[in-house]
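Next, two complexes with chain A in common: one pairs it with chain B, the other with chain C.
Up next, the complex of A and B:
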């Protein structure tokens, strides 16, 4: 008896539609992952990987690179938190500006997604570098006599570059959630005595809770998995986990350790993400 | 002493006037209906009182306080919105408790006030359900008591029953009247439904094209409409053109009838209850052609056409012999003074 008529009519016939996508996803996504999972218990034998059943790689993954794992999680939380806060501000303007203005703003946010990932990172180099926009500006103005090297190749630079790249991903779910908040709810809240600040806390934030959590998690996952940005704008000074996984499959040739580190990162990110989501859910309720 | 005073309230959008300069005062305890066709400015008027639309020029006084510059959250008014505006992330109880919570009432006082409101709205059974689970009528009651819990000096209602079906509307009309009697507040509600305005309000303000045409009791609005618009918007009415001389008119049948209103060209307002077939052998005031006869349950409604082409309606009690369509009959108008309105020039 449950379900609508249209669901009843279509139910059995629509399933084959997902087969092509499922085939791609299973063959190219889940399959290799399973293979990597198996390899993560193997060992390296004189430049060859050899079957084994050892937890050595996982122990190394945590004991040798534990600090990097922790700072990666911290960086992910920082980037996601900054993106989420900024996206709430941007999405609020998009939602409550005049409809036309809101559409233009949303378009501008989306258009930044067309800029390539690498292009954006190099853009940050030209902003933060020794002869970048900020340093040459300060030099010309006579405020400093030598370039501030710490602008680039610092955790702050990595965070800035990642926020710049990830912000549109955060704005979209928040803007979507805000669109569902109707003007009449806001008017009712005002009518019942809510000033602008309380309105945000008592009505708007609880209403967009799911969108905010989605924005946070999306940014968090993309940030902890990124290993290009820290190499290009973080220099050697920012040791992030992703940076250490990549060479295991290249120069260091230790696939089992790389695989184990990869799964360690996934588990750590799932755990951290779940804790953050639960916290946000409580705070925003 | 008037509780709510609108002094030259006005709203223009660019060159267009939504509400022309309007004066209106509402006494404490009044149940005032603002009635008019859609687009007449009645909702704009209500939203200006609530603080949601900034008036172009005016003063709005509530209980002696000038509230013109105050935002909605600082006005002593509360509003029941068309579409309710309930908070979907909260239960019924949380919705009702919202206002007191924001106002910082002590928890015990909030709990007991919410219980009172749940009882008033007959919502006890639904207290802990999410409002998204409720039916239209139940949501309407939540919106009503959520606004009432703050004991507003004036409760504003914007088409409160507009989204409900006819049967539910009738029962909620009764409930609203009862609640008004019970708590004795001052209600101002906007509606386009004249039956609803008549049934609920003790005063009706009829709006047309951004102006208040008449403010009076429902009886006066129906019996002595101020102009042709009010006469035809409220109930059925035919306007019989006449020339008034010294407070009298000569009807086509020859009788001199006493009428209200100044001398000159005017129109007599004829309600279906005012028109009756002339009894046999007695002189008729008007001769008309019967075009149709429809059984309405308690009475028959005749459609009649004069020689000048004016369409009249007459309600005839069941049992009285009915003329057949096509027949030419004489009709009589009431002996009491007839009400006239000025015809637009």
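Up next, the complex of A and C:
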């Protein structure tokens, strides 16, 4: 018995306690996904879906929307890379600044992790739009005479908004990894004459490698799966894959194609994510 | 850490904090502006958008629906997640870690994928769409959070405390009721508050599984799509304040630090 608490009560009954959670996971998570996997091989007959065993949907998912899939992966990498770099900086300050500053910063990150998903994205409209804060500010200051229209409805706006709500997800794993780095390791390296840059590159980065990779992957997964941000701040110019999946279950009514696109997105994300993780693992060693 | 890497880290941190906080602060500020546009120059405070919000048809109903869904989901997630965490605490750390990683998969998968899967599943199984499917969908991603938080607390408890109670003659049920539960109680309540914050803030799963009617988030979405009036800022402010207060309280109670 290697458990730590409440030995005795329901001692041999570990699994019944886990059962309700497992039931939620299986009945609401795994089950529907398996069902959707089945549907992804079906076809649409005039306004209803009919059983079939076709790969047509997967072929369409790649051939019709291949460009969007590729640009979604690229955007995901960009967002994850920016989040990762910023998260290393924030986690470093959390770990090495005065304890009080670190605590406040960590609490800020934790609180902004929750709450206002839609609102956070929408707020970028208020900042970047033609009537937004930046344009109106620059106009009032007389720096520009007409609003810069490219601020909103561009890939940059999508990236900014996504980094805005994904950054807390990146900070937590890096901060966790950095907490495990002991001051004594750093002092030892410094006593041996290692400069701050080398110290960071040769001592700290390799030690927090796993946390950094986790941060990158988490942000990447959440970014490529998001379709709300491009709708709100991407305009028509930034077509992402998720944006094309959602209507298949609404107005376009092509569930089989939507299902196939969903699984295509996951496979593409797993593959891209694995490649990125392997690269990061090499670079950070 | 010293030298230029630390200076660079500080500069990037300031930029990050601005990135995290500025959108929220601006949105809240502009919910109280007197002008029809959310931008500068800021002209005097005003409550006109809040009055307009109160007259918005359907808002009251959306708030009630949101409360029903999120209170139910967070209490259920609290019970289901705590039971699982207690069970997992009796497994080895390695085994528990694996089970938690599997159960936490719904947090990483694209919400869109799960949302459409639930939609397809609900219609195929004959359950139909409604508040029950929304609550179910919310359990999917709130239960893992409760498990992680409560399990984290349980594994930090010194087994000697419970052993001492046992040695003094308390039965297992009494030990649980008088020793374990008071120790994990704040974490359980905190985890439920976090679950509530996550639930009330969810849009993607809700929008696909609700069928008809509105929650606060689907209501906000409708407004965001159709208007750019500062009324959206007012209702957005409500969402931010509610979720962040619940989350901040929950984080304090659980003493969760990542």
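We take it that the second predicted complex is superposed on the first by the 270 of 285 C-alpha atoms of A that agree within 3 Å, B and C clash if a C-alpha of one lies under 4 Å from a C-alpha of the other, contacts with A are read in each partner's own complex, and residues count from 1 in each chain.
By definition in this document, contacts are C-beta pairs under 8 Å (C-beta built on N, C-alpha and C of every residue); 3 or more make two chains touch, one makes a residue touch a chain.
Because the structure is a prediction, the values reported are computed rather than measured.
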item: Clash-or-fit label for the pair chain B, chain C on chain A; value: fit
item: Partner chain in contact with A:76 - chain B first, chain C second, else both or neither; value: neither
item: Contacts of A:109 with chain B and chain C, given as first, second, both or neither; value: second
item: Partner chain in contact with A:256 - chain B first, chain C second, else both or neither; value: neither
item: Which of chain B and chain C A:189 touches, first, second, both or neither; value: first
item: Which of chain B and chain C A:211 touches, first, second, both or neither; value: neither
item: Which of chain B and chain C A:234 touches, first, second, both or neither; value: neither
item: Angular separation of chain B and chain C about chain A, which is computed from CA centres of the superposed model and rounded to the nearest 10 °; value: 90
item: Contacts of A:203 with chain B and chain C, given as first, second, both or neither; value: first
item: Broader residue contact with chain A after superposition on the shared chain, chain B or chain C; value: C
item: Closest Cα approach, chain C to chain B, once both complexes are overlaid on chain A (Å); value: 11
item: Common interface positions of chain A, toward chain B and toward chain C; value: 195
item: In the complex with chain A, residue positions of chain C that touch it; value: 1-6, 8-13, 15-17, 19-24, 26-27, 30, 37-41, 79-81, 83-84, 86-93, 99, 102-103, 105-106, 108-114, 116-122, 124, 136-137, 139-140, 143, 147, 154-155, 157, 159, 162, 166, 171-173, 175-176, 180, 194, 197-198, 201-204, 208, 217, 220-221, 224, 228, 232-233, 236-237, 239-240, 242-244, 246-248, 251, 256-258
item: Chain B-facing residues of chain A, complex; value: 182, 184-185, 187-195, 198, 202-203, 206-207, 209
item: Complex interface listing, chain B residues touching chain A; value: 50-52, 71-74, 77-79, 81, 83-89, 98-99, 102-103, 143, 146-147, 150
item: Chain C-facing residues of chain A, complex; value: 1-11, 13-18, 20-22, 24-25, 28-29, 31-33, 35-36, 39, 85-86, 88-90, 92-93, 95-97, 105-120, 122-127, 129, 131-133, 135-137, 140, 160, 163-164, 167-168, 172-173, 175-176, 186, 195-197, 199-200, 204, 218, 221-222, 224-228, 232, 242, 245-246, 249, 255, 258-259, 262-263, 265-266, 269
